[in-house]
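You will see chain A twice below: alongside chain B first, and alongside chain C after that.
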Partner chain A sequence: MTVVTLSWTVLVWTLVAASVACAASLAAIVVLRSARAWRTRRLEIARSRVRPAVLGVLAAEEDELAEAVEQLRQLPEEHWPAAERYVLQTLSEVRGGSRDALVRLLVDRGTMSAAMRESRGRSAIRRARAAEVLGLLARPDARRRLIQLTADPSRDVRIVAVRALGSLEDPALTSTILATLSADRSVPASVVGTALLRARDADTDALRDGLGSTSDSVRATSAAVVGHLLVTELAAPISALLEHDPSAVVRSAAGRSLDRFGRGDTTDSEVYG
Partner chain B sequence: MASQDHVLVVDDNHDICDLVALKLGNSGFAVTQAFDGAAALEAARTGAFDLIILDVMMPGMSGLDVLRALRDEPTTSATPVLMLTAKTQERDIEAGFAAGADDYITKPFSPRELLIRVRVILRRGQQ
Partner chain C sequence: MSETIVDAMRDALLVFFSVTGAPLLAYFLLINTSYLVLILLASVNFTRHLRRTPFAGTDSVASSALTPGVSVILPAYNEEMVILDSVRSVLDLRHPDHEAVVVNDGSKDSTLELLVAAYDLVPDTRQITEQIPARGRIRGVWVPSNPAIPLIVVDTENSGRSDSLNAGVNAATRDLIVMLDADSLMDPDALLVVSQPFADDPEGTVATGGVIRAANGCQVVGGRVVDVRMPRQMVARIQVVEYLRSFLLGRTGWSQANALILISGAFGMFRRDVLVEVGGLDADCIGEDFELVMRIHRHMKDAGRDYRVVFVAEPVSWTEVPSTLAVLGRQRRRWHRGLWEVLWSYRAMTFNPRYGRVGMVALPYYWLFELFAPLIELVGLVVVPLGLALGVVDLRYAVALLLVTYVYGFFVTCAALLVEEISFHRYSRWSDLLRILGAAFAENVGYRQLTAVWRLQGWWAALRNKKAVWGTMTRTGFGSS
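This part shows the complex of A and B:
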């Protein structure tokens, strides 16, 4: 009989404990969701306050630009974090004089120096975010730091740094960007290729070196970039790769590049032997 | 502009849509916005537009689908369409022109250049 009573007591207390735990979990979920919703709402309100001023700069004609930037600069200090976030978000969508004016404003307000500082932080997420900001600002004075970040211990940071270097659109960075394909840095070829193509112009010597690299990945990426940028001066080494390269990936990239030069369709037998 | 030209701006990104509308509105155009393909088609069918600026990548009906549908409709088949898109590959641009686009601007874009192209397309249409 005692055993049965004890069991009932244990059962009741277990149920009470389980109910309390459930209620606490539910309360925690509600609090977290409310906090998230409140934060999202606050960000939306902050964004809606700064949005007209930012769009005003982006839509301004040359003679209206200085005044539009001044209006944004004079936003109350408490609105600046939202403005900074919104401006950074728009930078990837636009180019031209208005964008340049927004970048100058961000630099004046310390966004770049903060990103340079954060890029030396201990958190890889913060370093990656800093590299992304430096890429959006696309200022030549960030070049050295971004090159250093291509050797960061975190692969994610290295990838963001290569994308950011691409946004500088500087052909002189070709060798540096190609070097990130090495096994120890392992940045994907698609990221490297896209970064190189942003320059829209070629460093012919660096691409020629790339075509002669011992790395399949560097040769293939260089060959693809040569084709996209139509560097016809390198048609001879590209033809040599198509004929003699041991890697089918490289031969295929070389064939596609020659096709872009107007040579005609590369045949499977040329690529696969 | 002899009379106020009316432009339909279609982009699922509200910021881009508002930016283009603001830029064109400041320059004297009447602007209507649509944020997806279905709304764009519905608006375009009224035949009230002198030009349509169309984003390519939209959820549901893509810009290219909208463009093909516009070209199939008698009321919109001759309306000039300028594609505004993040798709920068030559084959994407080719696909846009093949579907009937009159011009193509890739993102990131310059709002000033967009305005110039809009004026050129409209001038060409009036000649």
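This part shows the complex of A and C:
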């Protein structure tokens, strides 16, 4: 009777290989951990050097703003990357004059032109990051490039571009943004709807066209946006969708919109399915 | 006479080793290599996840009126030690439209009283429609006197965790449902990120699972884990390693392969309409989370619908893992019993091409490498020493083979640690790294064998139709400041 076993040679070599693999993994963990700690320290030092200048702009009163921005502008070239990262991280939380001043500074120091350049790069990740920066800057001169990016081969890039277009807060972009719901671009309806809501104002004609679209998701998204922007002049087509639309998703969106209008002529089951 | 018995045993062992030698070697190689493959798949997923994070638009989702609403259901039975931390943790989550639904499952302690006092709860007269069957009679519904606090407390007669969750689904008012354990603490962005696949693909995504990590030893402030540390007890430390390897990397790997069949009951998100369609959780099944996901798979495949079950590797839900062997034993018996019950119930899906990768890959894997693993391990633990005693097995060879097995297993854990280090690196202290490595080593010495025994006991209890019990998890609380 033969008992199938590994030969001693195979056994020993397997043991050696597994041990080496363990040691290599552990060494890699130690190296990675040390490198990360070093990088974190370096970034923190760089950040601490520019922090006073950035905070100076963020905390400045109107009459102090120009001087604070000038101090930030005067930062030596080697400190600028840290300042740029810091400013971009805080930009979405800043409003008013401080924001305008910071955006102007970023444009002057080449952040926008770099993002425009990167948005034509080969890496989808870089294009998406560039679109993110263009969205943070929210400059009308990036509009054309962002519209082009909504047809990018990468879905990630298209999504970021639509969000960035939303940050321009321009109702005239309604049709362009709604078009990204098409099957070939497949931007999620929540991203498209959120981008449209940022305009705070409605392009009534574009939304009316959306309500009459052949695409379920365009009709549903248009209906949701109409409800949130309280475009009451579109109540009639919304009611028609609730009554007759073949899609349950569209009927549900229409019902919720009417509910928001406060007409009170929908039941819970119509609204919530 | 005794020599005859010894000879017979020796012959039997020789036959045993000759028949099982090759399959067992293949089994050992396959099980560890499959872990490595899952870790590799998970690393692909993590890379994509981390590269997308800077432009994931979480802030936009957090402030959008169109972000799908989420009801977080917390079943609570005698959870006075942790309930306030848990509810606060849920209410403080970053999300534009979420509510907490606590189902007080007939607690005998002061779980309900604590909630009433903390949130100034008042009785609510709403009628809860039973869209999913729930057995526990509702004794009352409570809401905060301040309507701005999105909290509903449903007080029911004791009917078990699954039934409480079903009652919670009936009371929930949002489109997405999160099922949590009452002792869970979520990262601030957990809801936003775990609901992201639903926003990206609202028609296709039916369920998402989030990561569970051990809260033991971590510093908790205001219902949030603010400082991640390794637990003090070795039992809990080893579970950190297990959770990392199996829950985080294993499930991410399955998700990447589009064959995820298990979402932990401690942190899963489901579409409410799908839960209603499939009838909610099976209150009689001890592996109710696994059973629910399997039922969803079967329902969707049978209906020919295109769907996805997704695992999201970050953020995290922190939960208190058993810190004593007694509690751990009960948990593992229950888990293995649940595993057997579900695999047996859904055996018709196994190796059935109609169910795609779930039927052809995931289910056979769970049968072979999850269900049978403790049986094979314990058989080895019995026959190898016996073989040594009877001179059938060479001692040096047995030790070398054992070393290969353990070193290869240790390498799998090291690979998991390496992926964790590259991706999320939650345990940042050097001392924690040493503790994790110590736990990874100690896991093979006693712990694994003990869990194999418990798992077999759970399986045996199921085969004998012994009444299933959840048992009690003794909470120590989070020591929240």
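Assume the second predicted complex is superposed on the first by the 238 of 273 C-alpha atoms of A that agree within 3 Å, B and C clash if a C-alpha of one lies under 4 Å from a C-alpha of the other, contacts with A are read in each partner's own complex, and residues count from 1 in each chain.
By definition in this document, contacts are C-beta pairs under 8 Å (C-beta built on N, C-alpha and C of every residue); 3 or more make two chains touch, one makes a residue touch a chain.
Note that the coordinates shown come from a computational prediction; the quantities given were computed from them, not determined experimentally.
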Contacts of A:Val191 with chain B and chain C, given as first, second, both or neither: second
Partner chain in contact with A:Ser92 - chain B first, chain C second, else both or neither: both
First (chain B), second (chain C), both or neither touched by A:Glu78: neither
Touching partner for A:Thr14 - first (chain B), second (chain C), both, neither: second
Residue contacts on chain A - larger count, chain B or chain C: C
Which superposed partner A:Glu61 touches (first chain B, second chain C, both, neither): first
Set intersection of chain A contacts, chain C complex versus chain B complex: 92
Chain A-touching residues of chain B, taken from the complex the two chains share: 13, 15-16, 18-19, 22-23, 26, 107-113
List of chain C residues in touch with chain A within their complex: 14-15, 17-18, 21-22, 25, 51-52, 54-55, 57, 59-61, 64-68, 175, 199-203, 273, 397, 400-401, 403-404, 407-408, 410-411, 414-415, 417-418, 421-422, 425, 430, 433, 437
Chain A to chain C touching residues, read off their complex: 1-6, 8, 11-12, 14-15, 18-19, 21-22, 25-26, 28-29, 32-33, 36, 92, 125, 128-129, 131-132, 156, 159-160, 163, 166, 188-191, 193-194, 197, 224, 228, 249, 272-273
Footprint of chain B on chain A - complex, ascending: 51, 55-56, 58-59, 61-62, 89-90, 92-99
